[in-house]
Amino acid sequence: MGFAAEQIERTGADWQRMIEHPFLQRTRDGTIPFETFATWMRQDYLYADGAVPFISVLIAKAPEQHRAMLTGVLSMLQKELELFRERAAAAGVDFDDLTPTFVTHAYIQFLLATAYRESYACGFTVLYATEKAYHDSWREVLCGIDRASPWFPFVENWGGVAFAAYVAHLEEELDELASDAGAAERARMAELFDLTVRYELAFWDMAWSGTARSGPSAGSQDAGQPADYT
Amino acid sequence: MGFAAEQIERTGADWQRMIEHPFLQRTRDGTIPFETFATWMRQDYLYADGAVPFISVLIAKAPEQHRAMLTGVLSMLQKELELFRERAAAAGVDFDDLTPTFVTHAYIQFLLATAYRESYACGFTVLYATEKAYHDSWREVLCGIDRASPWFPFVENWGGVAFAAYVAHLEEELDELASDAGAAERARMAELFDLTVRYELAFWDMAWSGTARSGPSAGSQDAGQPADYT
Amino acid sequence: MGFAAEQIERTGADWQRMIEHPFLQRTRDGTIPFETFATWMRQDYLYADGAVPFISVLIAKAPEQHRAMLTGVLSMLQKELELFRERAAAAGVDFDDLTPTFVTHAYIQFLLATAYRESYACGFTVLYATEKAYHDSWREVLCGIDRASPWFPFVENWGGVAFAAYVAHLEEELDELASDAGAAERARMAELFDLTVRYELAFWDMAWSGTARSGPSAGSQDAGQPADYT
Amino acid sequence: MGFAAEQIERTGADWQRMIEHPFLQRTRDGTIPFETFATWMRQDYLYADGAVPFISVLIAKAPEQHRAMLTGVLSMLQKELELFRERAAAAGVDFDDLTPTFVTHAYIQFLLATAYRESYACGFTVLYATEKAYHDSWREVLCGIDRASPWFPFVENWGGVAFAAYVAHLEEELDELASDAGAAERARMAELFDLTVRYELAFWDMAWSGTARSGPSAGSQDAGQPADYT
């Protein structure tokens, strides 16, 4: 079994909880409240925007043969940002004054700090984990959603075959990086994979619980029970 | 009014909520549950450990005249880490297998990403905000806590006169950096000040709500209502 | 006068020496030895390759409105690298086992260190300086070179109108960044402009003196009189 | 044989040329011209100053058990900077308006870019190479120099037993990092070792040839034959 497959197996319970998240199931069934999906759209738009510097810093550390692919990811992100704006306009989701929730902001900081501070293989692990998580999550939605749904273009974007091929390519590359890495680096790669899954889960939880809808006055007294990393 | 004072005035309601946080009040009154304080100790130990790379990356960007001070901050962090270990041993707080909560991890990522990516004045703003927040918070505790409390050494460390002088020095330097900065950089500095206050509040909320005590199986389904950044 | 124009005026003597460099004059007149031009081709190919991480790290710090332009620079660099390979094949320049000379390696390190450590406006200043230097240098060659020269595609690439428009755009943006910057940052921008001119000059000197042709056994005993930065 | 010893063996000819450099032999014999040594002092002072951000960025990536040692290196650099200022005052070396030569500037950029972009083990390799080179170089001088020489404190600082013990410690740690590293990382470590030796050689050549004494008007037309990296 390759390194990538090992990670998904090891984080099995969390991975399962992620792809069966109520946000995804309700989106698939067409019963997701409009404002809940809108919250996710706004936050994921900000996340995709924050992924641009993440990928850029990765490119600077990338081996020659990964550069073209990662530059392609930058273009893909631009297209995703356009898709968000287009869907927001089409479905009437207010995209003025977007502000990140705590979880969105934190997730972006995690991406940035990883790209700057960790080795390339470590940063690439986080990239793989985020893309694989999105593909597996949205593929669950793709199996069942009404194609007339206004959210279908998102579902197809990440759940479809083109994205599947991209994720499969990332998987091969990750497996190769892992087999080239020493034991300490490989252990750190696994740790970063786990952390990414936690951030992914927190992101779905945030979107589902609709935190972002609480007004500015709410502040962080609603912070409640943030996830434990133990 | 200097830039530093302006920030504290502008974020007044949040700043007030922070320094009057139930965690602090109950610590002052001696009614904080042992395990709640222990949670904070474990998480703040990890935070101080995570502040070392933050300060290091700042030193690399620092003007000549700030280097000695920041190198002193590195030493200060080592002493704080020792204080934590000493108090943990003295009071019987279990320091084995420390793992960061979501908020602790996120806060450290915010420090790192800021130090790497933002200008020196921006990174310094975050340093000031964290230190000023800690001083003001613990000073509230210092006015009333029983000196025989096992937690008194922490209270004195951040609430006392030596730390006050250090924070006053940071304030002067921040004011100077802000007056040297252009309008765009100064606006970004203010934004980062606000973000730091939000992370500080989330940290107290996390410690108070005792999230960290929930076991590994709890995962992030407890994530509840993370703070909104609007 | 804008900031960009001020820099070129202030470094006037060096700027002039750069655009009147014998390497350029002999290229224009068609009397440049084949191997001298080949040396430059190999070293500039490595330089363009090294500029990819420089631009990438800049993107991570760039304001929203600069991202598309800088991503375009990444594509432009890919096209330049292809032009080098195509010309090398066409003219019979050996591109196997390319190794950077001291100056090429140093120049790339300067780009990287600047992008990582300095503010965005500072990094952008270096980008502008390199591109403006190349445009002005090759424009001198364009006025006189035989269009049948095998080197003409390079001359047209950097000396032509498309590149002129790009450099003019960089100039406007630099002027705006400089007017937004505080006095200390603007002074640092000027310092980095000067340093870039020195590296450009050293690069032409290296190509012209043909250092790169000396074999591996030569080592650095040939280092002679490297430029003073005073 | 450990990784460190392998590197020194592989770069044997260059390493030998370095430790037998005329600058060192003439310093040992007491026949070095005052102004030549003064040039080295000014440039090495700037180098030590530039090493502070290098070490700082390394600390941010360092494993827990290396932090105290590297923080110690920061203190050591402060003491070296004081030694330079003290010796300059004692011997009458003008330390006003210090400006780096091309080689000094380039070497510092190499340190910075490596610390930011490469893995920790790679950055540590460069640290080891610089310190080992200095120890071996000055130990050659120590065997023969008149203890009454005004330059003796430098010779003893890097050639003496305390520094020897520090370098021996770095060697052990480097060997361990290398044995933990994967093949690709280890190859990159070797490459960076070689590059460091080239920069060291260029530094001695620069000091010996007295480039730094040439006035600002000299510019880079003196650049002559910079070293080839082939």
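Labels for the chains are A, B, C and D, by order of writing; each one numbers its residues from 1.
Definition applied: a residue touches a chain if its C-beta (ideal position, glycine included) is under 8 Å from a C-beta of that chain, and two chains touch if they have at least 3 such contacts.
In this text the structure is predicted, and so the values were computed from the model without any measurement.
Most remote chain with respect to chain B, judged by CA-atom centres, is C.
When the C-beta pairs in contact are tallied for A-C and for C-D, the bigger tally goes to C-D. Here the spacing of chain A and chain D, counted between their Cα centres, is 44 Å.
Per-chain Cα centroids separate chain C from chain D by 29 Å. Centre-to-centre, using mean CA coordinates, chain A is 38 Å away from chain C. Among all residues of chain C, those that touch two or more other chains are 53, 60-61, 112, 116-117.
By the touch criterion given at the top, residues 13-14, 17, 53, 99-106, 108-110, 112-113, 116-117, 195, 198, 201-202, 205-206, 209, 211-212, 214-216, 218-230 of chain B touch chain A in their complex. In the complex of the two chains, the chain D residues touching chain B come out as 49, 52-54, 56-57, 59-61, 64, 67-68, 71, 74-75, 78, 112, 115. Residues 60-61, 116-117, 119-120, 180-185 of chain C touch chain B in their complex.
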